[in-house]
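Take a look at the structures listed below.
Two complexes follow with subunit A in common, the first pairing it with subunit B and the second with subunit C.
Here is the complex of A and B:
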């Protein structure tokens, strides 16, 4: 992504670069290894199991939502409401299980939280597919609106009395591996099946690749778009359930900025903003890379200022990825 | 109208006659306001592509219906996955076998895993047709299947049509190219202005009577304005090309054009014709050679602005994307290249603009309700008249036309030809690129035939024949084996 100018003069190098950029997973994987190499030389503590586990736990909810958002982008749409959606779902979940508020059993609360996620996703999808509003506008509106609803639900206070049943989702482990990682693994497997082995998956790629052809081929475009938004809503619910109870407090600021992180991961992972193109392995590498960055910056011993850089670097990555995509498609044409 | 099994039924009509709409109804994409389609004497459920396909009616639309990011196999099966479903799983190995079988049946060796977007137009068209054959096909609708194919590729398509016909498949064939219709069809149905005109056996028609049915008026068929006056040969050329080369695209191209001359460029798709035109106009770079325009060579690295400034004009192949600003009005589109002419002290002067616009619309015979109507509301033929007409006002010295009548109906084609002749009569040099041999033959004073990036031959327009051009255009190996 960085040395495109030097590569232009040397064809073999350029070819390698094109290969790595177009096989995004391979390129990112090498980049991650390089980064790991550098940071472990500067500070070997980075490779300690506890640190790697912390990074993985941070990455899990991002990974879960990315699996959904990737399909939204592949279908040719975008969803930037997932951050606020997580905030609202966290507030709802907290309010439902809190002894001083809803006092519902954890099982009921889990089902209802996922249900609310699906309903919000359906609303997004309906506005996009049936009312014909551009998805960037719909989800931008939702980004603000849902955050507002969250504040109403919270009523200006925090929820601190989460029962153990819910806390277990965030803090519990199975065979030494946190619940959230198992969940992420499950979501990845389901997504792989959905993408490669079902008609729905192939059709989502088709409508994003050429909407007009999809229309002429009689593909159910609107139900498919409704599906990708609802699916993303459901996965945001799943991510909320396994990440929010890691802490004992629910406030109205959960998930702020998450939508940008998720979009960055998906796009850096090689998913085309214009639809039709994207694969899960690239997105997974994108998630790992983007969640590593802030920790890497801390371990690089660059002083306190270094951590302030993480947002700027996130932005640079998304720009770099989009420029790389354009460059690749130009190379392919010529 | 009716379609019988094992026949090729051609559907003809000018652009806007309602062919595509009829096809969309038949294939279930849109619903008719009234009326039914009978299938084995029972009404067909319309408005759903799937239910129509289940009856074995399959359409191959004008633009190849492909998904560029997906590979050939996925393209064949998307929307038709039921053919390869095992429970909730797609059975990849069944898909692979079936895809190979279908493509082999079409005589195509395509890599199944390559994204279709990387394939040639002809290969995409084959994938598109393969999609239709995946189902047990009883009626195949082909809408302008040869529009994006070269002569050779069309030939192999015709063979496939023939094979299908013998298998008892009814084929509804739409084409603007009358030669194809006379070659393939058993019967013809003509539509005009959305209404049925006639259905007749092909044997009872000839080209002239068929055209008459289509346009509802007489069209003088070939009328070559034999004006290649002898003295024009001695005038200095407007444009002279010397040894123009671009690696892998074209090499050692040399020719000249005199003022008032129409120079035709013939050849198969991919022979490098458009690329040469683009290089002359400053769109694409070239590696070696010289372009001498009005006696002085163009400096290296000249741009489109330079060539337009110097009085060149070009009508690109893809008019909608490259030649028109579709949402803008007809008038604005026409005056776009000459806006500086209407520049007053307080911005553009509206009155002379309106007058010029109106007179251009009349002169060009553009059918529009008002000059203020947006360009996309016009039919393809009228849009093409705008694309050409907007340069007419500037009196270009060199006019490059790339496939000026592709996808344009017979009536509009005739008017475009008239325009081209008029331009030449006014003293413009015209470089005409066309894949339609009759068009090249009837318009050109001289014809260059290109093949694989080199000039294969030059023939005087009034001496050339279709056979001669085609023979020169085919690559060596094919000619030897033929």
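Here is the complex of A and C:
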């Protein structure tokens, strides 16, 4: 059966739905516009510049990490340790720059924080690629173990004296736009280049979509997997540096539940959990949508208790994305 | 003959028993008071919920699956018990309702997994968020307490010298062992774990098995939730937070292969014992819970690495 005959037999509404679900970025973009329309009718204050800026600043670290996690998922693995990793990196960064603890210059601390992120990422990647442990087990173990390390680094008390040098990363702005947004933009551009213009990017898609063929084609599967985990570790470090200094306090609860938010964004953005599929524009729309939701819940005037449902909504969104993927693949087959 | 003995030595269960022996000897050296019967019995109240959930988790991991939502099902079931009790429903009804909620949650997991053909870890990661979120949404993260003594007896009381939860666990282990041993059910589970496609083609209704197992997991989580609420005398949305990690670690340490098809329920029970004793001893002797978090995470990863090495050895011994 050719395309034209299928097109003729399917009702136009269903065709539109199939198009929007399979072009995830377009579908999500429309959904975001719809949501914006509804919430701005209920509460016009939502569209104020300050509020939109707050949402963007919230979305920036999520966006930075999602760029890395997307590649992990595309390569056919998963990383649920990013939240704990952020907690640990925040504690390390705080302990290094704090005047009462390490008292290192901010520049050194920044480099060391990124370095620790890469090392943890490499450890994850090594365990997955070379020791052959499934990534869910490695990162589930890390999720807990790193929390333990964080508590040890924090030593039972909060870090409250972050110096101005490091606070600038969180509070400073360049041309009126917060540094975290510039960083997110930079990470997006680098990721686009990595995915579309380098052999590494294309090969990551290859090993995700057909590992066996990639192996037969002689692709360096293990180094590539090591790379995606290390890259995610580095980006988690970047996200920590631009988001944690927004507040003057580092406590041990930073990043709790972040892994789930990031996975939700990436999966809702159309990245296939089985690997090999996913594009950055979809993931970006996923990030914007998921970070909007908690603010939307507040602005919809549903009452104070509505925010308690945000986690349930996250879970339902992942399930929804899975169902949509399943439905699409069935439509394609028939 | 030599090979058979070698094979027996390389069994994970043998290692676990040796490891437990060393552990008990070390604990006795460091702090003999920890090993007193009364202390052990009192501390054991912390483990029964984990142990009960470990039974279905073992079966699920044997089929090469995983259930990350067990802790969240506990949270949702605990809240169901609490909210219905608060609304004035008699407790037996509230408990039955929470068991039904658990069964339904588990069934939903199984249904999604078999229908969507997506790896269980993604489905249960999603439902982990969804169920926990519902528990938080329904309860507004507020606790319910003030249960009558007749109910808290379930979690705090003894029956014939052992905690009630221990008897629940014993009955469940007995039933599952009876079901597994030499019966089609047990063989089927191992077959699915070894090669799901081949099992499907040999005419076994794989999907029914999987739905049944995930439903059983939901039921066990709800049962654990009722015992948890009775023990703590509080129903809160964060009940069973992080439970999935403890359960999976225990089962994997117990020699059940995360790739499916290998391992035994007895091994998993030994794994639970090992985790429990280590955890309680660190809290008892050093009183530092962050070490426990660290140890649990590292143990999980190491046990899988070790398992791979062990299989390698076993392969060469055969």
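What we mean here is this: the second predicted complex is superposed on the first by the 324 of 334 C-alpha atoms of A that agree within 3 Å, B and C clash if a C-alpha of one lies under 4 Å from a C-alpha of the other, contacts with A are read in each partner's own complex, and residues count from 1 in each chain.
Definition applied: contacts are C-beta pairs under 8 Å (C-beta built on N, C-alpha and C of every residue); 3 or more make two chains touch, one makes a residue touch a chain.
Keep in mind the model is a prediction, meaning the values are calculated, not measured.
Undergrad: In this superposition, which partner touches a larger number of subunit A residues, subunit B or subunit C?
TA: The partner that reaches more residues of subunit A in the superposed model: C.
Undergrad: Touching A:216, do we find subunit B (first), subunit C (second), both, or neither?
TA: first
Undergrad: Could you tell me if A:264 is touching subunit B, subunit C, both of them or neither one (first, second, both, neither)?
TA: second
Undergrad: Would you sort A:78 into first (subunit B), second (subunit C), both or neither based on which partner it touches?
TA: Only subunit C is touched by A:78; subunit B is not.
Undergrad: If you stack the two complexes on chain A, which partner ends up touching A:132: first (subunit B), second (subunit C), both, or neither?
TA: After superposing on A, A:132 lies in contact with subunit C but is clear of subunit B.
Undergrad: Quick check on the superposed pair: does A:120 touch subunit B, subunit C, both, or neither? Answer first, second, both or neither.
TA: In the superposition, A:120 contacts neither subunit B nor subunit C.
Undergrad: Check the residue A:145 against both partner chains and state whether it touches subunit B (first), subunit C (second), both, or neither.
TA: Touch partner of A:145: subunit C, not subunit B.
Undergrad: Which partner does A:318 contact after superposing on A: first (subunit B), second (subunit C), both, neither?
TA: second
Undergrad: Kindly classify A:309 by the partners it touches after superposition: subunit B alone (first), subunit C alone (second), both, or neither?
TA: Once the two structures are laid over each other on A, A:309 reaches subunit C alone.
Undergrad: Touching subunit B and also subunit C: which subunit A residues?
TA: none
Undergrad: Using the touch definition from the top, list the residues of subunit A that touch subunit C in their complex.
TA: Touch residues, subunit A against subunit C: 78, 80, 127, 131-134, 136-138, 140-149, 151-152, 260, 263-264, 267, 273-274, 305, 308-316, 318-319, 322-323, 325-326.
Undergrad: Please give the residue numbers of subunit B that touch subunit A in the complex, ascending.
TA: Checking each residue of subunit B against subunit A gives 27-29, 48-50, 53, 59, 61, 63-70, 74, 77-79, 81-82, 85, 88-90, 92, 118, 131.
Undergrad: Hey, which residues of subunit A end up touching subunit B in the complex?
TA: Subunit A residues touching subunit B: 196-199, 202-203, 205-206, 208-210, 212-219, 272, 276-277, 332.
Undergrad: What residues on subunit C touch subunit A, complex-wise?
TA: Contacts found on subunit C: 66, 112, 115-119, 121-123, 125-134, 136-137, 139-141, 242, 244-245, 248-249, 252, 258-259, 289-301, 304-305, 308.
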